[in-house]
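Several structures are given next for inspection.
Next come two complexes built around chain A: one with chain B, the other with chain C.
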Partner chain A sequence: MKKALEIFLGILTAMGGFVEIGELVFTVDAGAKFGYSLLWIVALGTIGIITYGEMSGRIAAVTEMPVFFLIRQRAGYAAGLATLLAALGVSLLTCAAEIGGVALLLKTLLGGNYFIYVVLALVFLLLVVWFLSFQAIERVFGLLGLMMIVFVVAVFYFNVDWAQVGAGFIPNVPQLDTSKDYLVYAYFAVALLSSIMLPYETYFYAAGALEDGWNASDITLNRIIVIIGFTFGSVLAIALVLTGASFFKPLMIEPQLPGGVALAPAFALGKWGLIAALVGMFFAFGGAAIENALSGAYNLSHFFGWTWGKFRPPKDAPRFNLSWIVIFLLATVIILTGVDPVEVVEYSIIFAVVILPFTYFPMLLVAQDPKEMGPFVNGKLANILGWIFLILVSMVALAAIPLLIITNGGKG
Partner chain B sequence: MSFHDLDLSDHVLDRQVIDSNHILCGKVDDIEFDDTGELRVTAILVGNGAASERLPEFFKYVSRKLFGTRVTRVSWSEVDVITHQVKLKSTAAELGLDERSGAAYGIVSSLPSSWKK
Partner chain C sequence: MARGESRSSKKVDRRARAKLDFWIEAGGILIFCALVAAWFIVSSNEPLDAEGLAIHAGDIRSFSAAGALLSDEFSHGDLTDTFFHEQIELIDDKVEDIGKTLGRSDVRPESKSDAEQLKTFADRAHTTFENARQKDNIKSDELRQLAGLAKALEDNLRKEAEK
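On to the complex of A and B.
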């Protein structure tokens, strides 16, 4: 019974934690710009994150080694440090964007000064991480983030062309007007894939498995949570693309702010639709801010061999705890400069894809090594998918920054 | 594994160091040799100051600015067992590897409820 509850909560948490501000912005915008034609990227990214999420959880459960432990061990200090710094940069930017997103939502809900809400968001997040256990944070933010499911309900109120939706899941490139439009399409495909496969998700998931004390007996639990939780999470991402395509595109609106996106469920379901969307986004963004700050602290601790973990009293893991506090503070300083959080997240997502191959390659090497994994080594399917996605993200990583520059961040 | 066939680069360098109480206390950031006679390992070096020596000049500078220059020398005779980790015979505090003595500890331990799980 306890195991069943753990699986159920794990699935809901994985689902509720699937969407953050970057994914929200890119999925809705992708739908508003290109209709249903980028749905196949959502499906592809979901298979990718399931493949590597499962691998990271399995490695953590079997070897008790989190991601940056492996990166340093397999790639050495120099290459590992470069990956660490890049990952920290991405986590910092993403954390900043999420804090900005929370502040924007509070401003939409309550009115008032944005910068005061930035500071309030910081205080709230610091207190939550300091006082709540890892499990409580995971559950509260994951489950309340599920209120974003209102977007799935709202889709049924819009005029969705379901035949086109089906066609969108088949890899395609739509007929566009100019060659620049094709580049913008490619940019959105890259950004969407990156936003679904953000590297911090595997860092945090593996660290969470260790925080929860998983061992080899939890392999099935890991598999169920990843496959079902991430698949259901992607249903939410698909609903956001459909919202963009069927609600915003006909109105010729490309919403740039989270509050603007919430207009869709408000239109469909009235005041309660709006409130559910905003509250769901608040916890989804807040949860992602926490995951990024903690991921940064986990990565630093695992790389340098420091004592880490939310399961210890903070004074027994001082560097780990000081690290996430500093990440929150730096992220807040970035947002207090007045920079647009949506722009920050766009950059963080594009830079994130560049570090994906450096994160996944050591994981794949360990997961397919029978000396490390014993009977829990990758099967044929995990190996094939692992290599396909490694090659894919490597190619996407090479294209990401040129596309960012050429398309002016997708603005054409 | 006997010490005779130990591959230092594969099995010691960059491995996690744990003390006699299984407390994490850094990584093997470098290895010290005595080359006056027969080449032999004399110590493991723990701390970013040692690891950053393995980087090109510019990256060494960046690494030291960000993560410090501290180095703690742990005599090879203190090494107890080498598995996927390097286990020491003494405690972190006895070897100068205890995290609960630096600036980070000073800040974190002064915050309310820092002793609570």
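On to the complex of A and C.
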């Protein structure tokens, strides 16, 4: 019974934590710009994150080794350090964007000065991480983030062309007006894939498995949570694409503010739809800010061999605790300069894709090594999918920055 | 003795190699960041052409249409007062920024008239949003019309840029 409850909560938490500000912006915008034609990227990205999420959880459970320890071990100190610095940069930018997103949501919910809410968001997040246990953070933010399900409900109020939705899941390139539009389509494909497969998700997931004390007996639990949780999470991402395509596109709107996206559930479900969407986003963004700050602290600690863990009292892991506090502070300083959080997240997502191959390659090497994994080594399917996605993200990583520049950040 | 020396020289070689690798990778990352920063500075100082104007036209189109939608939903009672006012304020800030950018940027001679037209749209949208902030009332028809005009201009500019 306890195990079943754990699985159920794990699935809901994985689902509720699937969407963050970057994914929200890119999925809705992708729908508003290209209709249903990018749905196949959501499906592809979901299979990718399931493949590597499962691998990272399995490695953590079997070897009890965190991701960055493996990266250092397999890639060497120098390459590992370069990957660590890049991952920290991406986590910092993403954390900054999420804090900005939380502040924007508080402003639209309660009114008042944006910068005051940035500081309040920082204080709130610091207190949450300091006082709540790892599991409580995961559960509270994951479960309350589930309020974003209003987007799934709202879709049924819109004029969705379900035949086109089905066609959108088949890899395609739609007929577009100009050659630049094709590049923008490619940019959105890259950004969507990256926003679903963000590297911090695997760092955090594996660190969470270690925090929860998983061992080889939790392999099935890991598999169920990843497959069902991420699949249900992708339903939310799909609903956001459908919202963009069927609600915002006909109105010629490409929402550039998180609050603007909430106009869709407000249209379908009235004031309560609006409030549920805003509260759901608040917890989804807040959860992502915490995950990024903690991921940065885990990565630093795992790489340099510091004592780490939320399960330890702060005095027993001082450098780990100082790290996440510093990441939160730096992220807040970035947002207090007045940069648009949505622009920040757009850059962080594109830069994130560049480090994906450096994260996934060592993970794949360990997962397919029988000496490390024993009977829990990758099966045929995990190996095939692992290599396919590694090649895919490597190609996407090469294309990401040129596309960012050529398309003016996807604006055309 | 000789074996000990060769072992320690191998260790030194490995360390030197790791140091070299690190500096090559760090240099690569720095060059990459410098290139992105250079692109950002160069592109933001270049005079606006049809492509740049089309991006602003798209923004005005989207913000105007979002304003009209906000107004409709507010009048149907689907939004809270706070949400409506804060969202209008955020959109207005963005539209005002576009107007200011258009006003102070250099524009290529062949795109001057388009830029002026776009500036007029941005100013009209800003005035409408500013009135809404003060009076709780937003002219959604005017915003919808503006969105349509901006869309037409955006399409023309994109075709021009394609040439």
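Operating definition for what follows: the second predicted complex is superposed on the first by the 412 of 412 C-alpha atoms of A that agree within 3 Å, B and C clash if a C-alpha of one lies under 4 Å from a C-alpha of the other, contacts with A are read in each partner's own complex, and residues count from 1 in each chain.
Everything that follows uses one rule, which is that a contact is a pair of C-beta atoms (placed from the backbone, for glycine too) under 8 Å apart; a residue touches a chain by one contact, two chains touch by 3 or more.
None of the values given here were measured: they were computed from a predicted structure.
*Asks:* Looking at A:Ala4, would you say it contacts chain B, chain C, both, or neither? Reply first, second, both or neither.
*Replies:* Touch partners of A:Ala4: none, neither chain B nor chain C.
*Asks:* Go through the superposed model and pick first if A:Ala163 touches only chain B, second if only chain C, both, or neither.
*Replies:* neither
*Asks:* For A:Pro318, using the defined touch cut-off, is the partner it touches chain B, chain C, both, or neither? Pick first, second, both or neither.
*Replies:* The first partner, chain B, only.
*Asks:* Should A:Phe304 be classified as contacting the first partner (chain B), the second (chain C), both, or neither?
*Replies:* Only chain B is touched by A:Phe304; chain C is not.
*Asks:* Does the superposition put A:Ile253 against chain B (first), chain C (second), both, or neither?
*Replies:* Second partner only.
*Asks:* Quick check for you: in the superposed arrangement, does A:Lys271 touch first (chain B), second (chain C), both or neither?
*Replies:* A:Lys271 contacts chain C only, not chain B.
*Asks:* Applying the touch criterion given at the start, work out whether A:Leu81 contacts chain B, chain C, both or neither, answering first, second, both or neither.
*Replies:* both
*Asks:* If you tally the residues of chain A touched by each partner, is the higher count for chain B or for chain C?
*Replies:* Residues of chain A touched, chain B against chain C: more for C.
*Asks:* Let me test your reading of the model: by the given contact rule, A:Leu381 touches which partner, first (chain B), second (chain C), both or neither?
*Replies:* In the superposition, A:Leu381 contacts neither chain B nor chain C.
*Asks:* Do any residues of chain A touch both chain B and chain C, and if so, which are they?
*Replies:* Shared contact residues on chain A (touching chain B in one complex, chain C in the other): 76-78, 81, 85.
*Asks:* Contact residues on chain C for chain A in the complex?
*Replies:* On the chain C side, the touching residues are 18-19, 21-22, 25-26, 28-29, 32, 36, 39, 43, 51-52, 54-55, 58-59, 61-63, 65-66, 69-70, 73, 77-80, 82-83, 85-87, 90-91, 94, 147, 151, 155, 158-159, 161-162.
*Asks:* Which of the residues in chain A end up touching chain C in this complex?
*Replies:* The touching residues are 76-79, 81-82, 85-86, 104, 107-111, 177-180, 251-257, 259-260, 262-263, 266-267, 270-271, 273-275, 278, 401, 405, 408, 411-412.
*Asks:* Using the touch definition from the top, list the residues of chain A that touch chain B in their complex.
*Replies:* 63, 65, 69, 72-73, 76-78, 80-81, 85, 130-131, 133, 303-308, 311-319, 321-322
*Asks:* Please give the residue numbers of chain B that touch chain A in the complex, ascending.
*Replies:* 14-17, 23-27, 29, 46, 48, 51, 54-55, 59, 63, 66-67, 84, 99-100, 102, 104-105, 107-109, 111, 113-117
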